[in-house]
Amino acid sequence: MQVNGEFKPLIVAFCCNWCSYAGADLAGNNRLNYPAEVKIIRVPCSCRVNPTFILRAFQRGADGVILCGCHPGDCHYTSGNYYTRRRMAMLFSMLDYLGIERERTRVEWVSAAEGAKFAATMNDFVAQVTALGENKRLEDLRCKK
Amino acid sequence: MQKVTASQLIDRAAALLSDGSVSAVLGWKQGEFDYDITPAVFADEQALRDAFVWNDFCGANFSKYLLKATKKVDGKVLVFLKPCDTYSFNQLLTEHRFDRDKVYAIGIPCEGMADIDKVKAQSGDGIVSIACGETIQVTTLYNDAPVSVELADVLEERCANCKSKKHVAYDELLGDEGDVLDSARFDEVAQLEAMTPDERFAFWQEHLSRCIRCNACRDVCPACTCEKCVFDNPASGVENKAPANEFEEKMFHIIRAFHVAGRCTDCGECSRVCPQNIPLHLLNRKFIKDMNDNYGEYQAGAEVGSRAPLVDFTLDDPEAADVLDRRG
Amino acid sequence: MQRIGVFVCWCGSNIAGTVDVKAVAEALSHEPGVVFSTDYQYMCSQAGQDMIKASVAEHHLTGIVVCSCSPRMHEATFRKTATAAGLNPYMVEIANIREQCSWVHKDMPIGTEKAIILGKAAVAKVHLNAPLTPGESPVTKRALVIGGGIAGIQTALDIADAGFKVDIVEKKPTIGGKMAQLDKTFPTLDCAACILTPKMVDVAQHENVRIFSYSEVSEVKGFVGNFDVTIKKHARFVKEDLCTGCGACVDKCPMKKVPNEFNLGMDNRPAIYIPFAQAVPKVATIDPAHCNMLKNGKCGLCARVCTAGAIDYTQQDEYVQEKYGAIVVATGFNPISMDKFDEFAYNQSKDVITSLEFERLTNAAGPTAGKLLRPSDGAHPHTLVFVQCVGSRCTACAEKGKEYCSKICCMYTAKHAMLVRDKYPDVDVYVFYIDVRTPGKNFDEFYRRAVEEYGVKYIKGTVGKVVPENGVLKVQASDLLNNKQLHIDADMVVLAAAIEPDRSARPLATMLTASMDTNDFFTEAHPKLRPVESPTAGVFLSGACQGPKDIPETVSQAGAAASKVIGLLAKDKLMGNPCVASSNEAMCNGCSSCANVCPYGAITYEDKEFRMPDRTVALRRVAKVNPAVCQGCGCCTVACPSGAMDLNGFKNDQILAEVDAICK
Amino acid sequence: MNNAQLRDEVIRISGVNPSKCMGCGKCSATCPAYDEMEFHPHQFVSMIKNGDLAPLLKSDSLFRCLSCFACVERCPRGVEPAKLIEAVRLQVIREKGANHLKPESVPAMVDEDLPGQLLVTAFRKYAK
Amino acid sequence: MRKCALSAMNDIFAAIASSKTVYLPVDGADGNAAFTKWEDGLVWSHALNTVRSPKDFFFPQTEDLMAFKTEGKTIEVIDIRKESEDFVIFGVRACDVKSFDVLDRVFLSEPVDSFYASRREHGVIVSLACSRPSETCFCGTFGIDATAPAGDVTAWKTEDTVYFEANTAKGAALLKDIEALTEEASDDAVKAQQEKTKTILAKLPLANLTTEAFGGGKTKEFFNHPAWEELSQACLGCGTCTFVCPTCQCYDIKEFNTGNGVVRYRCWDSCMYSEFTKMAHGNNRLTQKERFRQRFMHKLVYYPENNDGLFSCVGCGRCLSKCPISMNIVKVMKTIGGNNG
């Protein structure tokens, strides 16, 4: 999205309820800033995130999608994030194979105690996507204003 | 040239029909021309003698037909399986898609199947007849004498890169058993990986933009056996009857490949049937290659009941970023 | 179409300081389906909640969106409010405009814009919310403890003391487990039997406890609160209720040359036997592999001497069916086999023994009546070598050893060394160690006493090989601190063999759909926060089946597992989390992908009749989710290619609607 | 080569990861040539791990190792000390520069009575 | 009759492209020819035909019809028509030209489909006579002369020359536009080519296939024919035949919510699909047999019944070469209609 001639990316962040969403809350509690371009969707576990959701976000105009879950071994459901890790590794590799910029997708493990990591991750990811510019390779022109 | 003959298959099928071991035979049926062969169910010996064929154009993989046939036919269905078909057969069993007890599977060796487009590239169009023997003899309207074509020169892509001549499932084997081969099937994927993202994007853009969403790839795919495909289901949010734009072209093929990832045996039917010659196998093979590279070698359908990489994990799997970095 | 009310909270200045709450309420009032939108200072206050309730009544709301703090904070509060207002609690969605908006953004227009988008996403989701009701299931007030060692005994006693029925299933003829074989216990050196046998008696006499000894679990069905278990009672050819444990049969049995497993084969027992004097139940058992009467019908001596008439050569295995609300796994451990450790000559010399064998050798009830005698010739030994970490911390070869530390060996070796030096000051005792690991109350002090007061020679290094030669054991070892290779002529070598889970654990885990790690230890539901629960609801872990543990640790875990079981059995009904997966049978293929990824074993399959398009009826295999077992992670929904599997509360279309709203 | 490079080279040639060593000393305990050595197998591993190679290169101990592989067989961590020692030996040989074997020079050495295996082994060893 | 050198075609395309968009069959990387928008240097394919038929130009696979803009709770209707571009299609074969007659009867009869009509109006068809028919060709069965295709302009291509003849006013205007680049020619070469081609056509394997058994009024005779079961047995239910078919004209109207509004569009549908003509009560053809039968009954019986005996098949042979399981209209005609041909 262009705001006053400046590119502001739209970032969708899927956060698992138990670790990363709580980590995002902690970032808030500690008043750690990160760009408002990041919009969080709460899911019970990172393994709830279907590749369809990610493609849909890009279709609808997202410029980057990040998935946050509990650290491996810490999943509230014991093994959900291990499946996430495989699924997303495969999906992102496929997107890369199709020539879609790999910098637009990311998986990050953020615990409930890592408010600072959450904010830092989001700052970094927003900067990375901003540098890339608008998502053109997975866009649906019908959804552009 | 195929190592077993049609008459061997017909004789064996007729014997099994007559002694009541099976009550129907899934086989290849003579088409309008010598190369357009249709999968068919044969109910009696006469039908077999009339129209059953087995030659260098019998590419169709019958595994998926077993879903319907085993439900329709009382008694056992006899199915002929080429080595690559047996992997699909096992994969479907792994997913409980048909009753093994209702099938009598005969494994038959396969020397690879001919791609009619490649044949035509050598013989020219206007084919009047084809005789499969030591070589493929093609008679056309425009050549005075039959053109002789070597099977090896006109193999379908999947056969040129055949992964296995070994049957992983059968009740009975006709002819000799082959081996799992050291194929070069991932070379093309590696070549694509070596391109720049822009080149890859252009490559796929060019190919996928031809998609007409006829769904042939999906409908022929032995891994695509959903009662209701998400792309046919308006409630799924991704349904459409046409690729409305470039996004939907990619969406369809990414999700389809993802849904069969770990379940795809790389039988190559998708690419074979695509009317627009989209190299769909390169999507499936990408997933297979990535899974092999990162989670250990896995061949879907090699054994019944094996656990596909995407419904499995280990504690020290590589992270998504590492998978990408590893490839550079 | 829903009638949605939007309630934007100021949270004092926490939200209102960076978000124009009035603008948010105004913007959201234009969203489709929103019939009422307002803001208030503290939505979670009684007044705020009353306002929500009043609005529900006034505007006939069917859904509520609260733009406020994190749902982790007040989702439960507002769900209760909705319930009080007569709405289903799951018709509430929270837009987190505090922690994830006002607190992380400084600029009012930016914060406001984001708050509106988050609000729109919540509105979009509520449109697709459906009322959810938690499933209820009754709880069978009886627990099953699998394994009758100290872990199982302690768990059973604690549960029984709380007033619940408990059954113990033990595969050996007696309960007691490994602890019954031990001599003294560290770090206090009190005798194992003195502290264990009273507990065995307690548990046997407890009115709430039943003991199925010489029995195994053969089938488990059902789920938390409602397990159906089949227990196989092996025929012991002695009627348990009639046998008095007098031992007359044992004395008279002519077949006396059966290796005694209780003493690890270091002496013999008869074909009819009672494992040890304090066995519970104290009844005889006939070993059918060695009993002449059972093998070829010749003998029958025991039946003749039994005045109680307890012998029954025709006894058959018996299957008992019982219902349980909770299951505790306490299957314990075993030392690993020493067969692969040729370098220590374990199979070549009787004088090379494992530490557990050493326990029997020093036990007053053991084969030598507690005298330390060399097994090969019964001579008094002069030099003992203890080797630590035999098969523990071994990554080189999975068939040989275990990669983990067995945890208990450092302490029991110190105990053994100390006991030897205490009783026989003339014996030289060497302990070869890699590290001495003694975390635990009074543990390091104990080890230091062995060195400083008892003169045990601790040598940093390990034994490379043991060669039996002319009646002595030639030990070649390294002394790393002195940078020497040592050559010791030893009389006995004691190997601290690694421990591994009992072999019965793996098939049991499959029956229970409880997960295990690669070493066959049961995995806990959370390594820190739920250490005694299996991820499978209603299955609890006690003792070494979960990982190597010493006695104090085992007993405390046993108590913890018991308290979890008591907490479960104290409930009359289990209220499920309604946000669980459910399968649309019409679309399900029965492919098993979902069941493969389910960490809880909540998914089963059944063949169901369906009307096919061609108007015939066909059987199809379809998935069924047990809502009492499902924990709602949603992993199955992604494994399912057709989308037949969906997750209540986080349905595919709900999440897609959120994505759409955010990306507008 | 400095110590660090030398260490990396030894690790590369041997394919052994000395960091896996937990310092149990079983290699030295099992070594039949222990008393012949100035530096013992466990010290080898430790010195290579720490990049302290200079004393090793000079030491005669290198050539006291019999390559019996008892340490490789017994090591509970799969460290394979003998392979490390062999790699250090190769370094010494290479630094002397003289013993490199070139494919061209092999035919001249072929002797009817010499087992072919020996030549291949030597070639493998000295041509690396 | 006008002519120009084959090598001069690039100039001709360039000349026309200055005022209209030009499309022509071009060989793609995949080995198939496809109608492609002309750009300088693109070469006219020698392939017999394209995989996708030229019906796309008048009846595209997807086409936006209108849009709605939602603002809060208000809806605004927006006209988004954009089918008024002038264009010329080169290289349309006789069979495909005939397919426009079939489509016209559907889309141009009352109520007229204004999107289709507008495109027909703006499009000029330059047909191309066949000289090397394939074994899958059977346009003759439907009375089509492959050597003299209709269209606004008919073209004949010989080894080095292209001949043009205008058939309509639109065609004449087009030839007028390129008059300077062409010259008057006799029709000798064309006649010779036609004669030669006709002898080949007579030798085609499907040359004797006839429609005799079919046509309007045959519903009762064929509807319950026992052979449908067997013919449809292997059908995968994919849409390949319908999507490569030049005469299939079924479409679905769908809406797409863009987040900011709604686009109403139509897209091709296939009678082979389980979701075809799905209504509130469900589907009226529940099995693949019924769907399969519908397709061929429509082409061979229902359509001619409603359209003065015109069959809605033109014998282009695309379904023969593209069906994944090699089931096609020829096999159906031979089986259901008796062993003709």
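Quick notes on this structure:
We call the chains A, B, C, D and E, going by the order they appear; numbering starts again at 1 in every chain.
By definition in this document, a contact is a pair of C-beta atoms (placed from the backbone, for glycine too) under 8 Å apart; a residue touches a chain by one contact, two chains touch by 3 or more.
All values derive from a computational prediction rather than experimental measurement.
Path length between chain C and chain E in the chain contact graph, taken as the least number of steps between touching chains: 1. Each of A-E and C-D has its own count of C-beta contacts, and the greater count is at C-D. Rounded to whole angstrom, the centroid-to-centroid distance between chain A and chain D, based on C-alpha atoms, equals 50 Å. Each chain gets one centre point, the mean of its Cα atoms, and the points for chain A and chain B are 37 Å apart. Between chain D and chain E, the centres computed from C-alpha atoms are 76 Å apart. In whole angstrom, the spacing between the mean C-alpha positions of chain B and chain E is 30. Contact with two or more other chains is made by residues 51-52, 56, 60-61, 73, 79, 83, 87, 140, 142-143 of chain A.
Among all residues of chain C, those that touch two or more other chains are 597, 639, 652, 656, 660, 663-664. Contact of a single residue of chain B with at least two other chains is seen at positions 230, 236-237, 244-245, 310-312.
Every pair of chains that touch is listed here: A-B, A-C, A-E, B-C, B-E, C-D, C-E. By the touch criterion stated above, chain E contacts chain A in their complex at residues 256, 258-260, 263.
Of all residues in chain C, only 70-73, 96, 98-101, 103-107, 110-111, 113-114, 117-118, 121, 515, 523, 525-527, 535, 579, 597, 599, 631-635, 637-639, 647, 650, 652, 655-656, 658-660, 662-664 touch chain A in the complex they form. Contact residues of chain A toward chain B in the complex are 51-52, 55-56, 58-59, 72-73, 79, 82-83, 85-102, 105-107, 137-142.
Every residue of chain E that touches chain B in the complex is listed here, in rising order: 28-32, 34, 48, 51-52, 61-62, 132-136, 200, 203-206, 230, 233-234, 236-240, 242-244, 252, 254, 256, 265, 267-270, 273-275, 320-328, 330-331, 334. Contact residues on chain C toward chain E in their complex (touch as defined above): 30-32, 613-615, 660-661, 663-664.
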